[in-house]
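Two complexes come next, and they have one chain in common, subunit A, joined by subunit B in the first and subunit C in the second.
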Partner chain A sequence: MIRKVISGNEAVALGVKLARVGVTGIYPITPQTTIIEKLAEMRAKGEIETEIVRVESEHSAMAATFGAALGGVRAFTATASQGLLYMHEMIWWVAGSRVPVVMVVGTRAVGAPWNIWNEHTDFTSERDSGWIMAFASNPQEALDLTLQAFRISEDERVFLPMMVGMDGFILSHTKTNVLIPDQEQVDDFLLPRRQPYVIDPEDPIGMGNIFPPEGYMRLRESIDLALRNSEDIIKEIGREYNKKINPLGDYSTLNVSYKLEDADYAIVLMGAWAGDAMEAVDTLREKGIKIGMLRIRYLRPWSEKEIRNALKDKRAVLVLDRSTSFGRGGGPLYVEVKSTISDIVPQIKGVVSGLGGVTVNKSELLYIFNKFVEGLKDDVIWYYPKEVGKIELRTPRDIE
Partner chain B sequence: MSLLEYQYFPVTRPNKGAGGRTGAWRIVKPVVDYNKCIGCKACFMFCPESTIVPSNGKVRVDYEYCKGCGVCANVCPVKAISMVNEQ
Partner chain C sequence: MSLGLREILNKHNGILSGTSACPGCPENMAMRMLGMGLGKDVVLVVVAGCSSVIQGNAPYNAYNFPTVNVAFAAGPATAAGLARAYKQRGKNVTVVVWAGDGGSADIGFASLSGAAERNDNILYLTVDNEAYMNSGGQRSGSTPFGAITTTTPEGKKENKKNLPLLMIAHNVPYVATASVGYPHDYIEKLKKAKQVEGFKYVHVLTPDPYGWLFDPSKTPEVAKLAVQTCYWPLFEYYNGKLSISSESLHCLDRRTRRPIRDFLSAQGRFKRLTEDQIKILEQYIDNVWEKLKSMLDNQ
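Presenting the complex of A and B:
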């Protein structure tokens, strides 16, 4: 096991290498590009055997990865933003086919207008597709979750694809200290690939064919049950990962609590700004405010039991969203948390911020948390750290 | 492999159905010469009706569904399939 200063994208590429992935369907999109550049570089040097399939679009990238997975090899792809939305159809095909595939999403804002910076809307918009969805908060976790993703999705009690989210630029391009496991450790952790069925000319099967209504509905229920049952399996595999590979990371729970036990106030969020939020929580604790943080690591399966347990007897809960769910007055995370704990927590507030790369650091978070502890009037606010300049609207006729 | 009760997969096995069955209208049918067949499965890959069935390293024709189009005879690299007039 060695330590190296690498970016999140490099960490993911190394995870793919260590997992001995057979086929990678690639199509570059910012901020995920350097993952596949790194993979192509390793392939050119002969360090990995992965078959790299260059395709014409993200839709085809997922289709190629899907086909390879059906053929029985470990398959990987990565995408972001518009690319993820372009994949949307194939994402449902993979989940509906119950085939283990792993994808990393370098999350980024969704157009229009063009914006390449970080937010979570692309990721959260796939939450009903039937994939297991984990979200990393640092490059180390991006590597760890990618390795665990292969094991989880190939478990016979799960057999569902898994995507790992990673904040675009904030994690994908920022270099930090990452613990890289040895090949032997990973070989010991990852079992040989298992999947429910495989395409084979000697033993033909029909797949993707028409299913009668009742059979179709039974399949949907089976996906739901497999996803909900995966909670215990994720914990089990996480504990094994702690033991065999990374004893410093704690993967025995789905979500991560920070100073929550004796807290009156709780912050709920997902992703990389958890680091800044932890520092803000520390600062407020020094001032004597009992505040804690819950980081959602798994958006799907949504661990209702764990979240209710972590947030019970809190005076108020603030949910920070880096994503939008238009027309609902709050982000997807706010809606999910509210539906989970509305009967046990009297006050649940939401903040939407950090969209499209808006900088939200410790000072901004401190401002938000202070306001929250003082008591927010509105249920949901959209917080801008700076004043936004006014844009004058003109109709084309005015331009002469 | 032990699968849990809730697991259910969208896969079917190819099966016979009344839908594609050939009537009495076929004029020619493919006949495989097993002395020539090398088991390359080119005919299996190209048959538009999936009536070529791989068996024991060679191929067999499912005459119940074969339409007699002759694609298999054309793609066979060793000319092991000949189209024979229906009696």
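Presenting the complex of A and C:
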């Protein structure tokens, strides 16, 4: 194990190397691009044996990765934003085929209009696709979750693809200290590739042809069951990861609590702003406000038990969304949390912020949390940091 | 040495009994011949189209190959992934993409072009029935001028996209055209393609009784007429060299071509064609042959 200052994207590329991935389908899209560049560089230097398929679109990146996985090797790809949306069809196809595949998403806003900066809407929009979905909050976790993703998706009790999200630029391009495991450690943790079936000429099976309605529905149910049952398996694999690879990480739970036990107020969020939020929580704690935080690390499976346990007997809960669910007021996390705890928590409020790269730092979070503790009037607000408050949008009619 | 038809029939049969194809289905025929040409050690990637249906309902499969079904535009890249996996595992497998004209000329074209440009070691087959037959016969980029389809009830206004020539322009090692009317020629081309390393493209004309409006007993006949009238040229492009197949050699000279009307009148989809429009089709055929001839002259 060595310690190195690297970016989130480099950490993921190293994870792919350590996992001895067989085939990687690559296509560039900001802010994921440096992952695939790093992989191509390692391949050119002979440091990895991964076959790299340089495809002509993200749709093909997911298709090539799917094909490689069906052919019996470990397969990986990465994408973001428009690219993820372009892949959408194949993302469902892979899950419906129950074949283990791992993908990293460097999250980014979705156009129109063009915006290359961070938000989580691309990632959260895939939450019904049948993939296991984890979200990192620092480069270390991006590496750790990528390695665990191979193990989880290839577990015979799961056999589902898994994607790992990480905040574009904030994690993908920012360098921090990362513990990088040795190859032997990873080899000890990652079992040889397992999958439910391999397409081989010796075994003439057909996959994906027309299914009668009842069979189709049963398959859908099997995906739902496998996803929900994966909760215990993720914890089991997480504990093993703590033991064999990163004793400093805590992967024995799906989601991460911070100062929640005695808290009256709780913040729920996902991703990189958790770091600033913890500092804001500390500051409020110093003032005697009993507040804590729950960081959602797994959007799917959604651990109802864990989340209810963490948030029960709170006076009020505030859910921060860096993504949208249009027409619903709050973002996807707000909707999920509300449906999970509305019978045990009297007040559940939501804030949508940080979209399209809008900076939300510690002082802004402190402002939001303070307002929340004072008692937010509305159930959901869209919060803008002070300096953008005066921006006016011109609508098409204005321009006429 | 080429085999006689009897020997070929004893080889691997690409299709098992009990398919969901319509009577007289040309794709069924093309798939049967695929087995005769390629034998075993083949993995099939089937994109959306009639062929997704012909194989029948899961858990059964009428294709006598391991088969992966994928979304419309995903065939070539899925095959590329499979081929890389087999290479990694040291296995010798011919990965075949089986797609209709919609999947090849339209929605999947970027993916097809990408795999060709990368020279992925796969065999790509277009079974061209000149419309979206699986969804009921709508026009595709491969539908010829004047043909009636459900979305061009007045007859298509544009010419057929010439996919085989486009594939030659991709500079891949092997491109060939075939017709289910000439099984020998098609099977020989498949056998040749199997030996070639890199990207192979075979485009088979598959006249469809339901979309082209002729009697299902006439599929081979119409498929032959397409070649005899020079509407559908049979050729092979290998190692940078074009050669016209013997069935089409007579087309090099205009005077020895069978009149296009013989092909047009054998089916219902051209019944609205006026004399002027027939001239446009003739012009299209002339152009194709001029192009082929100039390629022959320049090599």
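Assume the second predicted complex is superposed on the first by the 386 of 400 C-alpha atoms of A that agree within 3 Å, B and C clash if a C-alpha of one lies under 4 Å from a C-alpha of the other, contacts with A are read in each partner's own complex, and residues count from 1 in each chain.
The definition used in the following text is that a residue touches a chain if its C-beta (ideal position, glycine included) is under 8 Å from a C-beta of that chain, and two chains touch if they have at least 3 such contacts.
Everything quoted here is computed from the prediction, not taken from an experiment.
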{"item": "Clash or fit (per the criteria above) of subunit B with subunit C on subunit A", "value": "clash"}
{"item": "First, second, both or neither for A:Pro385, with subunit B first and subunit C second", "value": "neither"}
{"item": "Per-residue touch tally on subunit A - higher for subunit B or for subunit C", "value": "C"}
{"item": "Subunit B versus subunit C as contact partner of A:Gly72, first or second or both or neither", "value": "second"}
{"item": "Partner chain in contact with A:Gly329 - subunit B first, subunit C second, else both or neither", "value": "neither"}
{"item": "Touched partner set for A:Gly22, first subunit B, second subunit C, both or neither", "value": "second"}
{"item": "Subunit B versus subunit C as contact partner of A:Gly356, first or second or both or neither", "value": "neither"}
{"item": "Contacts of A:Ala61 with subunit B and subunit C, given as first, second, both or neither", "value": "second"}
{"item": "First (subunit B), second (subunit C), both or neither touched by A:Gly275", "value": "neither"}
{"item": "Contacts of A:Gly249 with subunit B and subunit C, given as first, second, both or neither", "value": "neither"}
{"item": "Which superposed partner A:Met90 touches (first subunit B, second subunit C, both, neither)", "value": "second"}
{"item": "Where subunit C runs into subunit B (options 95-103, 167-175 or 185-193)", "value": "185-193"}
{"item": "Contact residues common to both interfaces of subunit A (with subunit B and with subunit C)", "value": "201, 204-209, 211"}
{"item": "Residues of subunit A defined as touching subunit B within the complex", "value": "96-98, 156-157, 159, 194, 196-197, 201-202, 204-209, 211, 218-219, 221-222, 225-226, 229"}
{"item": "Residue ranges of subunit B in contact with subunit A within the complex", "value": "1-4, 6-14, 41, 44-45, 50, 54"}
{"item": "Of subunit A, residues touching subunit C in the complex", "value": "22-23, 25, 49, 51, 53-57, 59-73, 75, 89-90, 93, 199-201, 203-212, 215"}
{"item": "In the complex, subunit C residues that touch subunit A", "value": "40-43, 45-46, 52-53, 55-61, 63-71, 73-89, 91, 93, 110-111, 113-114, 117-118, 120"}
